[in-house]
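Both complexes shown next keep subunit A, but they swap its partner, so subunit B is in the first and subunit C is in the second.
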Partner chain A sequence: MKTLSRMKLTMPLILLLALPILARAQDARLQLSSLDHLAAKANQTVDVNVDERLMKAAAKLLSDKDADERDVKKLVEGLKGIYVRSFEFDNAGEYTTADMETIRTQVRGPGWTRLVNVISKKEGNVEVYLLFNGEQVGGLAVLYTEEKELTVVNIVGPVDLEKLAKLEGQLGVPELEIEKKKNNEK
Partner chain B sequence: MKTMSAIVLALLVFSIPVHAGDDDFKSVVKMIEQFYRVKHQGIPFLAKAGMKVGTTAARIKGGEAKRIAEAGSVKLAVFEDQAFNGDFMKFRTSLNGALNETWMPFVQTISGKSVEQNYIYLRNAGDKYDVLVITIEERDATVVQVTVSAKNLALLLKDPEGTGKSITEGATINDQE
Partner chain C sequence: MKDDYLWDKTGQPDPEIQKLEEILGTLRYQPKPLQLPVSRRRNYFPLIAIAASLLLALVAGGIWLRARSQRIPQPRQAEVVLPSPTIDEAKPETIRDKSKNAIAVNRPHHRSVSSAFSRREREEALAAKEQLMIALRLTTEKLSLIHRKTQTTTPANQIKNQHRVG
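Coming up: the complex of A and B.
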């Protein structure tokens, strides 16, 4: 009896402790603050934060008349956020594998799948990860690394992969030429 | 006990406008002054001194800034020829901490190991948006707050760096025409 009452007492506590872990498992928003320290070493740092409020505002502002804008609007409408961290360095070796691992650990979590992995000395390495919530894509992460550059793009929400390229150069998303690299991989 | 509650209540009431009101612009200017131990110059002083920013007032009234900003919405603080030496990482953290509650940090760029820092924050203002652009260079800094229409916000979202720059330049660059 004592064990049962103890269980009754401890179960809610265990559930409470486990909830954030379960919630985080399906969260497409990556914690990028572990990269912040690189700003001190970088020659150029770019942080872009487009949260849900701004996303909604952006969707309203895009025209239905222009075909390109219409596509971007459709893409943007369901999204909950776009977050970019980009660092350019003067010398190679300014960021470490450990820095990248802080991000990779997150995209190796439940629900995440690696879609693209291009390793190119000439054009840099590109890894594209998708988070699936059941059948639906719940988010995306792009890791772009070169000797002197590190860029992470995190899109939160249902991403239409076919139209993803249209987001490049918009809303602070850098031109990563994902489509081109994806095709080169085939 | 009643006195204690009253003090707490008063503190809560009086602390709200500091974060939510128009004082954010002033707070940022003050923060830059305290962090870098510099002093900003007001537009009338600059106009009198005949410095390059002296034409700012005229520029704002009829110049490029007006094209982006809504009429009468421009707030400007300029720091000229002063040393901006300090840990830019600490500055960025303090700035984000101070503004995060009401402002959305949109784009932040740091170039050349803090030689140039650019920060763009956005805030909803009814059917318009407040844009706060902070630029800090080695010897100069600018804080500009403008209210923009939804249409001009679209420009900013499309090309954050370019539009951010034109907001600052529109408010400060000498008009030679």
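Coming up: the complex of A and C.
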């Protein structure tokens, strides 16, 4: 009897302690801190951390009159966070494959699916991963690697890919930017 | 009437005294060995277990929250220049980024929207907005690469390329 009553007391305790772990099981949030050491080597670093609270605050400042901002507002509605680590280096080989593996192992976890993998020797490689919670998209990860650049974008929450695709070219990022640069170099 | 019965229980007993004896006799001293009360210790285990569970849960929750907050650096740590204090004076501000394309521009907003915020909240929101825009620019920039790469395989581009060569 005593053992039974002790078990009755222990089980809720175990469940209580396991709650955070269970909650994180399907979390689209990637651990990007493993890349932080690259900031010392990089000549340019972009570190973006916008959690749900900041996202809501930022959304309030997005105008409905401006078309771009309206699209962004629609996109970020319901999102729980956007996190970016981007490093640009002076020389090639400043980051290792092990650095990327710390991220890739996370997006190989349950629920994650690789949507696109573009390999380009000239323009770099892009991998797009989606986390599905059932039929809903629960998160997005974009991994970009180039000789002198490493970028990881992690969007947490139900990302609407159509809306995201609509933003392409709208936010001051011309679609042919890289091509233009290359033409100039030539 | 002799009082011998009352004195040493001799002689004729008085019925009234006998009655009193019977009543009070129950309270007479009765020698018996000392019996200490059995110490019945109360079982505090359930209470201790509940208290320990709550304490552990609180400690675990605290550690988790702390670890979580450490994982999420404050936005000010990002390379963002905070906006100027007043809305009217707000000029386009830049974020130190790798390319001109990634420069975020703050546009002045209506006072009615911002009045709901405190100054600190507004600054935080503006910084968050800038970070958000940078993040989305970077994302769309990378996605546009995919878009270009997939477009290069379409027949339309093939025709275009043929035209260029010709």
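Note that in this section the second predicted complex is superposed on the first by the 139 of 186 C-alpha atoms of A that agree within 3 Å, B and C clash if a C-alpha of one lies under 4 Å from a C-alpha of the other, contacts with A are read in each partner's own complex, and residues count from 1 in each chain.
Heads up, the rule we're going with is that contacts are C-beta pairs under 8 Å (C-beta built on N, C-alpha and C of every residue); 3 or more make two chains touch, one makes a residue touch a chain.
Since the model is a prediction, treat every value here as computed from it, not as a measurement.
When the two structures are aligned on the shared chain, A:30 is found in touch with neither subunit B nor subunit C. Residue contacts after overlaying the shared chain place A:123 against subunit C, while subunit B stays out of touching range. After overlaying the two complexes on the shared chain, residue contacts for A:40 are found with subunit B alone; subunit C is out of touch. Of the two partner chains placed by superposition, A:103 touches none, neither subunit B nor subunit C. Contact comparison for subunit A: of subunit B and subunit C, C touches the greater number of residues. After overlaying the two complexes on the shared chain, residue contacts for A:165 are found with subunit C alone; subunit B is out of touch. When the two structures are aligned on the shared chain, A:60 is found in touch with subunit B and with subunit C.
Of the two partner chains, neither subunit B nor subunit C is touched by A:141. Contact with neither subunit B nor subunit C is seen for A:131 once the two complexes are overlaid on the shared chain.
In the superposition on chain A, A:48 makes contact with both subunit B and subunit C.
Shared contact residues of subunit A with subunit B and subunit C: 44-51, 54, 57-58, 60-62, 170-172.
Interface residues of subunit A facing subunit B in the complex, by the touch rule stated above, are 36-37, 39-40, 42-51, 53-54, 57-58, 60-62, 170-172.
Contacts from subunit C toward subunit A in the complex involve residues 45-46, 49-50, 52-53, 56-57, 60-61, 64, 71-75, 77-79, 96-98, 101-103, 107, 109-110, 113-114, 116-117, 121, 124-126, 128-129, 131-150. Across the complex, subunit A meets subunit C through its residues 5-6, 9-10, 12-13, 16-17, 20, 31, 33, 44-51, 54-55, 57-58, 60-63, 66, 72, 75-76, 82-84, 86, 88, 116, 118, 120, 123-124, 126, 128, 142, 144, 151, 153, 155, 164-165, 167-179.
Residue ranges of subunit B in contact with subunit A, taken from their complex: 88-89, 92, 104-113, 122, 124, 129, 150-151, 153-154, 157-158, 160.
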